Every structure is written in C-alpha cells, then in structure tokens.
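Take a look at these structures.
In the two complexes below, subunit A is the common chain; its partner is subunit B in one and subunit C in the other.
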Partner chain A sequence: MQMQFSYEVKDTYAEVKSVGRLNMVAAPKLREVVNEVVAGGSNRVVVNLAETNFMDSSGLGALIGCLKAARQAGGDLRIAAVQPQVKMVLELTNMDRVLTAYPSAEEAFGDD
Partner chain B sequence: MVSTSSPRQAVVVEDDADIRGLLVLILEQLDFVVTEASDGLSGVEAVRNTNAELVTLDINLPDIDGMEVCRRLREFSDAYVLMLTARADEIDRLNGLDTGADDYISKPFSPKEVQARIRALFRRARTPAAPAEDQRQVDELERAAVVQQSLLPRETVRVEGYDVAGAFRPTRSVGGDFYDWYQTSDGMHLTFADAMGKGMGAALIAATVRAVMRSVADTPAIADAFGSASATITSDLDQSGSFVTMFHARLDSASGKLSYIDAGHGLALYVPADGAAQRLVSAGPPVGILDDQLWPAAELELEPGDSLVIVSDGVLDAHDSLEEFVINVEKVTRNGATSDEVCAALLELAPAATAEDDVTAVVVRRKR
Partner chain C sequence: MTRFWTRLLVVLTVILGVNYVAWRWYASLNWDAWWIAVPLVIAETYSLIDVMLFGLTVWNLKIRKPPPTAPADATVDVFITTYNEPLDLVLTTALAAKDISWPHSTWILDDGNRPEMRELADTHGIGYVTRGADWTPDMPRHAKAGNLNNALMVTSGEYLLILDADQIPEPDILDKTLGYFNDDRVALVQTPQYFINVPADDPLGSQAPLFYGPIQQGKDGWNAAFFCGSNAILRREALMQLGLVGYVKATEKSVRRALSASKQAIKKARRSEEARNPLVEQMLNEVEAATTAAQQELDARVSLSEITYRVRRKVDDAVRTLVAADFSALQSDLEEIAAMELAHVGEGGVTTVATDAVDRMSGRDWSPLGALESVHAVLEAISVERTDEAQPIMPLATISVTEDMATAMRIHGLGWKSVYHHEILANGLAPEDLKTMLTQRLRWAQGTMQVLLRENPLVQRRLSWGQRLMYFSTMWTYLSGFAAVVYFAAPIIYLTLGILPVSSLSWDFFIRFIPFMVVNQLLFVVAGHGIPTWRGQQYSLALFPTWIKACTTAARNVWFGRPLGFAVTPKARQSGGPSWSLIRPQITVAVLLAVAMVVGIARLLTGLSEPLGTLVNVAWVAFDLVVLSVLVKAVLYKGFVPEDVGPKRPEERNADAV
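Entry: the complex of A and B
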C-alpha cells in the first residue's frame, strides 16, 4: 500500500495521520509533512498511528527527526493509537521513554 | 535503455476501450508487456509501477489531459511517450509546445505506422541527462557499499576456547549495519551497530562510529568507554539528525564474563547450553538522540556451550512478533554446529528476496 500522510490543524495541536507502512520510502514524506506543519506555526504535533501497522528503523528515525523539529520550535511531538508492531519497535529501542504514546490524538495534549 | 534481460514494459493510456484494445495488440506484437489505463491518473500510476519504457497517450482523457499526464510522467520517468490525437491539424501545434512527448500520431492510425514510429523511437538515442543522473546515483551507491564493506573486520578473531563468527548481507540501497571486533590481552571487544538511514550518509556515520569505538578500547571500564564514545558520536550526529543503535561488549575469555551495553538495539540474545534463551534488554535509547545520556553496563557469564547472538533489525522485520523472532533465533543457534553455520542460518531467517534492510549477525559461542 502507498504510504500517505494528511494533517489537520486543531485548536491546541495539529494532528498528522499516518496510513500504511512507515519505512524507508515513507520516512522522508513524514518529515516533509511535519516540517510543513511546524513551519505553519503549529509546534504541538500528534502523529496518529492508528493505521500504521509496520515501522522500521527509518520510520523511527523520521519520528525522532520530527520530535527534534517540534522541540526546536518550542513545542513537542507525541504519538497516538500505537499498533503492536510499532509499540514493539519503540520498546526494543527504548524509545518509548522518549516518544510518549497516548491512546488517542485527543488525549495526547489533553493534560496541558 | 533497451533491456534484454527482462521484457519491455509499455502502458497504453486511452479512454476508448476499442482503440485501447487495438493499441495493446499492436504493442504486444512488438513484444511489449502492456498495462492498460483508461484515464490519466491511473496511467501515471501504471507507468510508475511498471517502470515502463514506452507510453502511448491519448490527449483527451476523462480526468487530466494528455499534456498534464506527460508533465507528471517527466517528473520520474524517461519513457518514450507517443501522443495520440484525434485531430491531424493539432500535430503542428503540439510540435511547437514543450509537452515532453517524443512523437505524435493522429487517429485514425494504421497499426503498421504506429509500429514503425515506435521502432524509430527506440533507435533514437536517449538524451544523456537522465541516464547520467542514474549513473551518478549508482556510482554513489557503489562507493557507499565499498565504505560499508570496508568497516567489517578483515580477520577472524581467535580467542582461545571460543568460536566467533559474523555475517553480513547488504541491500542494494546500502544501509548502516556493521560489526567490528578485535582481540585484547584478556579476550575480545565487540561492537554491533546500525546507523539509521541509507546510502553514503549511513555508511559514513557507521565509519565514524567504528573509529570512535576503537579509540576507547583502552579505557578500563566499559561504561566509561561507552559514555565517552557516545558523547563524541552524539555531537557528530547532531548535524545529520541521525542516530545509531549499538551493542557493545567486552569478553574476559578465561572466566567467560561478558560485560555489555545495549543502546537501543535490543536484538542480542543469550542462548545458554541449558535453559531458555533470553533477550538482553536495552539499557537506554540509541546513541545520538539525547545529550548527556548514560547507559549502565550489564554482565552475564558464558559457560561452555553457551552462545551470545546479535542480529540486526532486518531479521526481526521478517517475523510477525518478537516472541516468534526469539524462538527462531534460539532454534537456529542450537541447530548450528559452528558459529559460521549459525550466522548463515540467521541470515536465512530474513530471505534476501523480501528483506528491505541489511541483514547482519554475529555469534560468540564458548566451546564445550
């Protein structure tokens, strides 16, 4: 399946939806979309991974690059609706401590 | 351009089913494998998917017109484009426009004429620009592959009482996997790393990591050595936005004591001669993500018959779950008579035909 990203700017954050495999082909596109969102003035970004069932190290790299970009702009990047394989990669690499996962995009910035 | 090894692909973009069928027949007679598209957007996708060398393109299509299709094709394809128009008098006008098409033909057309035009197109030399760009990319990948290959240890390590082996299978796109080892006065040091990314960028990061890790070989405590190396690597990586997952270990051969640090790799397994395999849990995130990160060292003891197995994520990606991965790695580790055999079997867990990533494996077994 072709990887696709779309985004929607909401009141307190911007939601980026990721559909399909987050691999070497899709990773640069995710970076592009998140950079566009951050450049557009939204520095609180949620990547909704509900429809992403696979992520490799390139995908993880893109998420980290995006996290750095959001933090550089004074904001943060959080992930939501993480599926089992993606959760496994995050735990293996110990990145679950750096990239905070939330059950849904609405809850990601719900506490602040 | 003309490939003799695989059949030539063509795409027919035409909304009229009858004319489309005719064009397919004409092209099949020229030994093309033909994909049909009834509108412009699916035509663009078909060219992308088949990597077609020839496209016949109707100007009037239900969604986007032939000119727009051609413009989009030229963003990624250097296929020959033969444009078809219903109006003969339009050809002069089209010739004056920079549509990106290679030739024009008007309907109704004779099959013989279409075939003659296509043969003529393929006799014409391609513009050198696109192939030169391809060649440049191929050259760079070849150079990256040479860098990556040069990082692997040239000599097998000989540690009394141990059987040590490594294996590596690169992908065409060249990833950032490597392993390195060297003998020390009391045993050996081992580094297994995967730099995020592909191509020359990943290969150069891997080269840096290897050199920095070797530079701390004489630092007595493994945690100090790793801490100082990772600080250097992190400051280098800051420029590139990349990171490296690493497993670093020091073996004291007489006692079998293995000290190790896992930075976000998580794919090292301890397979004891007796008892269940254990995955060695990562002590912290990969190197290059956070400043001032510390990774605590851990220890295990290799008894005679025990193995330490480290693989890259290319092997994990070939499995549906971490549990299945651990079961399979344990199985091939126990079945292999030598570390070399185990390494070969570990690579087979990620079949070359489907693997998207480099696949690397290292096995350290204490002899019985």
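Entry: the complex of A and C
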C-alpha cells in the first residue's frame, strides 16, 4: 500500500504530501507526521493537498492541531493546491477564514 | 386515531386556556390586592404557556419504524465516561460495552486518571483514555464535555456511542440504531435512559416516562430530539464540524478583541515609567503599526492565520532588531573592556555569548516588551492557537454544565437531523437518596438555564421555529419554581387574611376554569398513553427551591461570572439518616399551609370568611399538601431493595396502549 503521507525538508520549509482521503482514519497519522517534522527542527510546514481528493472535518481538525504545533514551535503551517472538494469543506466550516489556500507548495512561503 | 384525539385536545386546551387566562387578565383582577393578584395571574399565564408548549410538542408525535440495516463497514467507538465512580461499576459497564455485537472499539474515558482503572482496562483489553498533555492545570477542564472532546482527538470511529459509567448497554444497541445514519444528514440517535434500581412507586421521581416518551417523540416530530448525554449515538463528522465552526468563531472573536485590547494596552504603556526608555518607545510604535495593519487586514477578510502570523513576525523582528542594537552597543563596550584588560579572552568567546544572548533576550519573556506585562499579554492573544483552551477544536459545547443540550442545539443549527429511538437499550442506576437526587436535578436545571441565557433558542436564526420552541419549551419548564411559590402563597393569603386575588369567586370563574382544567388533564392522559405522570407533576412543584436556585445561580454565573457551585452527581448512595434539612423550605411552606387551613376554617366558623372562598382555598391547600407529601417519602427512602418490581418499561407500556 502507498504511504499516505510523506515529507521532504527543503531550503526554507518542509513539504508534507498528503495522498488520497484525509479523513478521520488518516487524521491522527497526519498529526504524527507533522509533529515529527516539527520535532526534527522544521517549523515552517506546507501541507501539499494536490493529491488529496477528499477531506472531512476530522482532517481539517488535524490541520488545526498541526497549525498549533508549528506555531508553538515559532513557525507556521500552510496548505497548498487544494482540490474542489476540499475547497468546499473549507468554505462549509468557515475554515477559509482561518487558512489561506496557496496555489502551490512553492508559493506558500513565497512572501517571507 | 390517538393522533386525532391528541390534536383535538390540544386545540381545546388552547382555546379554553386562552379563554380563561384572558378573562383573568381583563375582567377578574382584584386590583385592591394587586401584590398577590398580579403575581397569581402571571403564574397562571406561565402555566398556560407551559401547557401550550406541551401541546405543540405532542402535536407532531413521531412513532418510528425500525431503521434499515447499517452498512457492515460502519466503525464505532464506544465511550464510557467516568470521573469518580467505583471501579467495579465502570468495569461492569465496560465489559457489557465490549460485548456489544456490532464491531466496535470500547474506551473508558477516565477523567479521574486512576492508575487502577487503567490497569483494569488493560487487563480486559479495553481502551483507556485520559486527558492528554495539552490539558495543563491552567486550562479550563469543562468536565464531561472536556473529557469527550479529549477522547475525540485520539480515536477515529465514524460513530460514537456515549454511555455514562452506570449505563449498561444491551448487546444489540448498535444493531438497532446505526441504520438511522444511512440518512447521511442524521447526526444523533438518542435512546431512553431507564433505571433498574427504582421501586414501583419511584419515590425520587427518577424515571422520566413522559420525557423519554411523548416529549422526546414529539420533539422528534419537529426534528428536535434532544441529546441527553448518555445512551446516544453521534456522528463524528457532525461533531467535528461543530468543533471547526466553533473554533473559527472563537478565533475570529478573540483576534478582534485582542487587536483592540492591544491598542488600549499600548496607550496605557506609553504613560508608564518604562516608556521613557527610547528603545521601549520605538518598540511600542512598531507594535502599534502592526496592530493597525492587522485590523485593516481583518476588515479586508484576509485569513486569520496570515494576519496573526504577520503581527507576530513584525513584533518579533522589531524586538530582535532593537535588542540586537542594544546589545551591539553593549558588546562593543565589552570588547573594549576585553581588549583593555583581559587580552587572553578571545574575540570569539565574547561574540558567541552575545549571539546566544540576543536570541534569549528576544524571546518574549526576556525582551523589553516582557517588562510591559499588559502589552505582552494581549500580543499573546493575537493567535489562531486558541490559547485559552487545551485544544483548539472543542466539538462538545462548553457553555453549559449540561453540554448535551447545548451541543444538540448547535448540531440542529448546522442543519443536521436527530432521531429519538423509543426502545430501552441500556439500563442505568438512578440516585438512591434525596441529596444526590437534588444535586442532579439542580445541575440539569442550571445547565438548561445557562443555555437559555447564553444561546437563547428563540433567536437562533438557523433553527426552524419548531426547533426553537422545542428547546424553549424545556427551558420554560424550569421556571416553574417561581410559579409554585405563588401557588403556595395565594391560598395562604386568602385563608389567613381573607384577601382574594380574584375579584369574585362566581359562576364566571368556574365556567372558565373547570373546563380548561379538565381538558388539560385529559390531554396528559391521552398524549401520555396513560403513563403515570403524577410523580413528575408533584416534583415539578415540590422542588421549587431547587428550580429557583438553579435560575438565580445560572443568571449570576452567566451575567457576573460567578461559579455555579457545581458538583458531580455521586453514583453511590450517600450514607446517614433521613436528612430533613434538605427540604427546609418545603417544610416551612407545608407548616404555613396547614396553619392557614386551620385559621381559614376558624375564620369561616366565626363568620369572617365566605363558605365558597374557604372551600376552594382549603381544597387548594389540600392539593398543595398532597403534592409536597412526596418529599416525606423521598426523605424516608432508604435505597433500592431488589425485590421491588419497577414500573413497566416503555415498550411494554406501548404494547398495552396498542
């Protein structure tokens, strides 16, 4: 089976790729991966959702948990390349008020 | 057919009730004795509204057919919530939960964090959850709601069956209820709470057959079946959605508040001693500029994570620059000193120390900003981490000690559906002594009033009018304590002083009052399928001090932030003899009623009062005394003896009614 989450530490940020369904089953795993990345010293994290075709509220909840972890480590967590269903969920829960969806992982930390 | 008769009686009750109460307001008030006449007519109006809300509830009574079968891959977490209940009681429930036939994971949510409990859970292969590291002592714990919210973050089942520690589930509880979720808008299925340790005469009024019957079925008809905290199945997605929506709302509010607070704090800080330092002054300018920019971005709907990130960056950068500037001055001084006096200390040594020190001094606690406590505190609050809560996502509502009602109302507000499944699928334990029972009732009433005062259902735009009134109806019943006081006072006043709140007790009064009372009672009989409702009626009057205390403490709590004096309901019987002191106000009232009756009869015999007025009021006093007599039984109750046969379970009652 394919690994659902993988990460790569780049120059100015770490990119976490999420593939497939980011739902209540996957949510705790995402938290684990991001905690690992942050603990490894990368506090600027981009979650690349280009290949995430489905997300539920638990998935979003996990993103908030990860955002908190990154912020508490002095960094930030951003999301990039959201697909239509994910965009819909963001709007349905008003989460678009909190998270900016950046067009691509490269652009997520483009401004600083 | 019952539906027809119920509705007919509702219509008649409303017509006759309005006819009576309107006449009372317009034509019968004894203005000479307004101080009792007006309270009495208000109390009667209160009762009429109460009956009308009950009528509205049973108007839409919904008798459900068994649901379809759920998809075989539906995943369920069974949560058993505990705080301080005896270990064997929790384990009994947990083992029964483990035996539920539908595939599931069982978890003990131990808010008492007891190592023995964990050990027992491990031994029996049951999951054990206790508060995580985020729940530091300075965070609000939110009792059961907090316990459940914590567990939601570490489990992943699609559905959650919530059980109190003493609610032993039937093995088929999930087989019989999960199918409702095939409708993907259903978020909640509530089943009755039924108690097995209650004798047939139910001295403490523990069973709530009217509530877990026509009332919940009626609410169900309006898509407003309540979540009652236990014996219910919830859809995780709905709860998480609630948590997210709540998080966004709370975060936006707190950022907005923190930004304005920041301006205030800066203004204040400028007047302080430290602000004379040019370094501090410059920093305050930077912080103010960042705050202003953030406010503009907020109005331009820039996302909260961006806004807060930028504020933090700007402030941190400013602090760093200024501290570094300060340090480079210091460092050059040090280097000069070193060059002059201590040639053997290398340049490198000094530099290393300085770099490290800049980092440390730039940290929030050490920077010059740290000295300006107030500014520092508000800057901390400009964040999306919800620093005032242990976890950002809090799905179960924390605005009330009865998290269940508040949560259900919000779930309905998001457009989800709820189901009341009228079949006992768990057997629980009720309090076995008056003190525990009173604590429990007080808590329910307080929680309900907190919801009313914090999120009045009548103004929740996303609820349908039926839903608003169903929530309001339950809250309304808890105001009965004030009406009860008037109902006790009015006959006492007539019998002792001869003052009648009604202008005359004539044909006009009886012809309006009696038909209303008769249809009203008939409505309860028909809508309740003959369920014994007398015990409930007694307690709704007899516990008037509890209801009043709930209203006043909840109001003080919501409006002035005073504590409720909240206590967890103990599951074990409290020891000790009969505790008459618990019902001192009721004893006082009973004595006054009895004295009034004697005085009233004496006044009649001496010709000071009329026969008709005396008769009506003596009957009224007798009724009040019979109502209060339930408490004698309650105080003397020594706990459950298993030989007693409890009242029939609802499905048996239903079978009788068919």
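A few comments on the model shown:
As a working rule, the second predicted complex is superposed on the first by the 109 of 112 C-alpha atoms of A that agree within 3 Å, B and C clash if a C-alpha of one lies under 4 Å from a C-alpha of the other, contacts with A are read in each partner's own complex, and residues count from 1 in each chain.
Everything that follows uses one rule, which is that contacts are C-beta pairs under 8 Å (C-beta built on N, C-alpha and C of every residue); 3 or more make two chains touch, one makes a residue touch a chain.
Bear in mind the structure is a predicted one, so any value in this text is a computation, not a measurement.
After superposition onto subunit A, the modelled positions of subunit B and subunit C overlap sterically. Look at A:T100: by the touch rule set out above, it reaches subunit C but stays clear of subunit B. The larger set of touched subunit A residues comes from C, when the choice is between subunit B and subunit C. Look at A:P28: by the touch rule set out above, it reaches subunit C but stays clear of subunit B. Applying the stated contact rule after C-alpha superposition, one finds that A:M88 touches subunit B and leaves subunit C untouched. In the superposition on chain A, contact is made by A:G65 with both subunit B and subunit C.
Of the two partner chains, both subunit B and subunit C are touched by A:S57.
One listed stretch of subunit C collides with subunit B once both complexes sit on chain A; from 5-13, 77-85 or 275-283, that stretch is 77-85. Within subunit A, the residues touching subunit B in one complex and subunit C in the other are 24, 56-58, 60-61, 64-65, 68, 92-95, 97-98. Contacts from subunit A toward subunit C in the complex involve residues 24-25, 27-28, 56-58, 60-61, 64-65, 67-68, 71-72, 76, 78, 92-100, 112. Taken together, the subunit C residues at the contact with subunit A in this complex read 153-154, 156-158, 236-237, 240-241, 243-245, 247-249, 251-252, 301-306, 309, 313, 383-386, 391-393. Here subunit A touches subunit B in the complex through residues 23-24, 56-58, 60-61, 64-65, 68, 84, 88-89, 91-95, 97-98, going by the rule given at the top. Listing the residues of subunit B that touch subunit A in their complex gives 173, 194, 196-198, 241-243, 245, 264-267, 282-286, 289-290, 313, 316-317, 321-322, 356-357.
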